[in-house]
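To start, I am sharing the structure in question, which I have written as structure tokens.
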Amino acid sequence: MLKEAKARIGRNAILLAMFDGEEELEITRHLDYLSWRYCKGKVGSMELQKIVAAIETAAKRNHVVDGELYREMHALYHAVVEAVQGVTRGQVELGDLMRTVGLRFAVVRGTPYENAAEGEWIAVALYGTIGAPIRGLEHETVGLGINHI
Amino acid sequence: MLKEAKARIGRNAILLAMFDGEEELEITRHLDYLSWRYCKGKVGSMELQKIVAAIETAAKRNHVVDGELYREMHALYHAVVEAVQGVTRGQVELGDLMRTVGLRFAVVRGTPYENAAEGEWIAVALYGTIGAPIRGLEHETVGLGINHI
Amino acid sequence: MLKEAKARIGRNAILLAMFDGEEELEITRHLDYLSWRYCKGKVGSMELQKIVAAIETAAKRNHVVDGELYREMHALYHAVVEAVQGVTRGQVELGDLMRTVGLRFAVVRGTPYENAAEGEWIAVALYGTIGAPIRGLEHETVGLGINHI
Amino acid sequence: MLKEAKARIGRNAILLAMFDGEEELEITRHLDYLSWRYCKGKVGSMELQKIVAAIETAAKRNHVVDGELYREMHALYHAVVEAVQGVTRGQVELGDLMRTVGLRFAVVRGTPYENAAEGEWIAVALYGTIGAPIRGLEHETVGLGINHI
Amino acid sequence: MLKEAKARIGRNAILLAMFDGEEELEITRHLDYLSWRYCKGKVGSMELQKIVAAIETAAKRNHVVDGELYREMHALYHAVVEAVQGVTRGQVELGDLMRTVGLRFAVVRGTPYENAAEGEWIAVALYGTIGAPIRGLEHETVGLGINHI
Amino acid sequence: MLKEAKARIGRNAILLAMFDGEEELEITRHLDYLSWRYCKGKVGSMELQKIVAAIETAAKRNHVVDGELYREMHALYHAVVEAVQGVTRGQVELGDLMRTVGLRFAVVRGTPYENAAEGEWIAVALYGTIGAPIRGLEHETVGLGINHI
């Protein structure tokens, strides 16, 4: 069974990606209290592979995952691809379809289930804008991927 | 250009779908202040068509869209399908792939751009769980669709 | 090399599916002149499988394909699925996504290449409306699939 | 309710993309009579983004859409992507899958519904060939996307 | 680094799904020697959900996975869906597209990496036929999904 | 009806792609006995188009298909794309999603049906690894495409 709202990994990841300033601090303080690992960053690009690389690099550098262990990178990778599907909604493509994104991302690793045997899970949340490669011609977009790790 | 964070339609829709109680009230108070139309509901099913129908019905009943006008229903429909893609991440199927969802949805209609000529837009946000049709075997999921209306 | 416009199999299939009355007669007369096999029909449904079945049945009954020969049914099947992708644009689903179609279909079998060794090809064209299961809440849709046979 | 055949926006867009010479003139004369806006062009590429850009540029230059208004570009963009899905049938990719297209496109903006409140809609039609990047190794392809604007 | 060919989890799963009699015995003897867990079964259906359910049930009954632990079911589920994508090639649908499958499946759980820290992985292999719901109108199909567990 | 196991085109293609040394010789001897045409090769890339090109080139050079005849190249092309879908499982992309493959491929052309009128078919099998562009961070992957030719 999933824990109650405040200990939900996806909810925390989304809010961490979306919030700034005092609201963000509230989330990070709560994640520290839970002793969950997390990181946050920004990336903008017309190339999907830069989005994937930016998230993987941030998660490795901040020790949210162990970059030497394929099983951890495999778990993270699939969570990233799932989050990207929410952002791109249908065609997992950016530049090829003449669009670009400006995203804030959050990666959270924790134990979201009551049952300790369910172990660790990882959530990747993306929040930002998607649109034409012209400033202002864009709307918001969100994605969330979750995997066991 | 999009307005600043508090007047972002996608952000408001996501928070409205995700929050309860006092936090939810803060969002609805803010939406009322903006004079934006919105509604919120819950739906759980293994059938995608019930998800689509529940959101459409709620949006019509709460006068977020005019159910007699195809252009409004067309705008809402595509926003719903895009939000569902974030929830299903890859295959837009539930029961056929032996999975079920329990979702809270929010529909928000407003004017998220500085330029008044950009007119009204609609956002559909989904937040909840997806998993096997067995209680507890599930994780969180999120989707957001945005369209001009 | 493809033959010139009037002997193009896809163009003929699209026009056959789209036209009525005198315009339709002009196409069928031309197809008879080319000694190409063809058939035409109508189907409306929220179930994709009824669309596929209606086209396959019409093509068999009108001897456009030999229903006993898997290689012919395989060629037709893939042409149908490709045409359906043009109609559904993204998610190859109807009822599951709360939408329905009213389609006219045409199947044309002929020799569209200058080089006789290129042999016979088959085209499946679909033209009609797609929309909500409420009369009038719909727009047009088109699909074309082409395969060697 | 959609107007009768001659005032259908998708049908007009398909025929405009497909026809040459006298047949084309008949369509443009009819579109002028309806006071609908339209444009037509050609584009060949292994890069999808060039297809998207060519259509967007033509539609802006010919005042079929207002390039300064995101809601118009957003409506056009989604119609283009839907049309491209009919052309690519399954994988929205060209060069990555070693294929190229030679397309004629038409964009039509008009009022296809009896009810004036349904307002303006936009149709993007594509007709041409798709195949290997070797002359002659290609077959026809069609796509149609329609959106409210 | 992956171990050499004989200790590859995907290769073993594919051969286990594909082989009968003496050849199959050779694979199962080798899997027993590796102390890897596995199971094998058959399922035929026009409904994808029966395919998914048959594999999950077999894997639980044969203790290849622990049905009480979501992280194990989640790992298995995604491996099944990936294998199904190889079988369906493009549209993850059977009956909706008027086609049916007759499949043999194998699930193998083992340690395919030299580095013990990479832990356990699970492979789901499918081999059989796909085609029209008419005996004989079918060709072979294969799918493989692999996940960390 | 498909012939018995040893004369199945997909099975032979998969084993040819997967096996080395003595096991491979057994397959090629059997294919020679059946008088079926085949070829085998290796390709590694982050670019899908190099995979497609490598298989097409090998099949042409080894006279498995006639590169001058579009109907043969069309049959091969669709078999390749279907095989690639098994390898990529969901998103037909490699480098754009920051992943790379190392594949062995086999193309087999033969008569897999009892009924001689079913004629020739072509199978493309892929077997190898997919993963991050870092040595060792990869798992196995398989794909099979079959088409009439």
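Here the chain labels run A, B, C, D, E and F in written order, and each chain numbers its own residues starting at 1.
Simple rule for what comes next: a contact is a pair of C-beta atoms (placed from the backbone, for glycine too) under 8 Å apart; a residue touches a chain by one contact, two chains touch by 3 or more.
Please read all numbers here as calculations on a predicted model, not as lab measurements.
Chain centres here are C-alpha means, and the one lying farthest from subunit D is E. Averaging Cα atoms per chain gives one point for each, and the point farthest from that of subunit B is the centre of F.
Set side by side, A-E and C-D show the greater C-beta contact count at C-D. The angle of the rotation superposing subunit B on subunit F, based on CA atoms and rounded to the nearest 5, is 180 degrees.
Averaged C-alpha coordinates give centres for subunit B and subunit E that are 36 Å from one another. Mean C-alpha position of subunit D lies 43 Å from that of subunit E. Separating the CA-averaged centres of subunit B and subunit D is a span of 30 Å. Among the residues of subunit F, those in touch with two or more other chains are 70, 74, 90-91, 93, 96, 121, 136, 138-139. On subunit F, the positions that touch subunit A within their shared complex are 91, 93, 95-99, 131-132, 136-139. By the touch rule above, subunit B contacts subunit A in their complex via residues 1-2, 5, 8-11, 14, 18, 20, 82, 85-87, 89-90, 112, 121, 123, 125, 127, 129, 135-136, 138-146.
Remark: subunit A residues 69-71, 74-75, 78, 113, 115, 117-119, 121, 147-148 touch subunit E in the complex. Across the complex, subunit B meets subunit C through its residues 47-49, 52-53, 56, 70, 73-74, 77, 81, 84, 92-93, 96.
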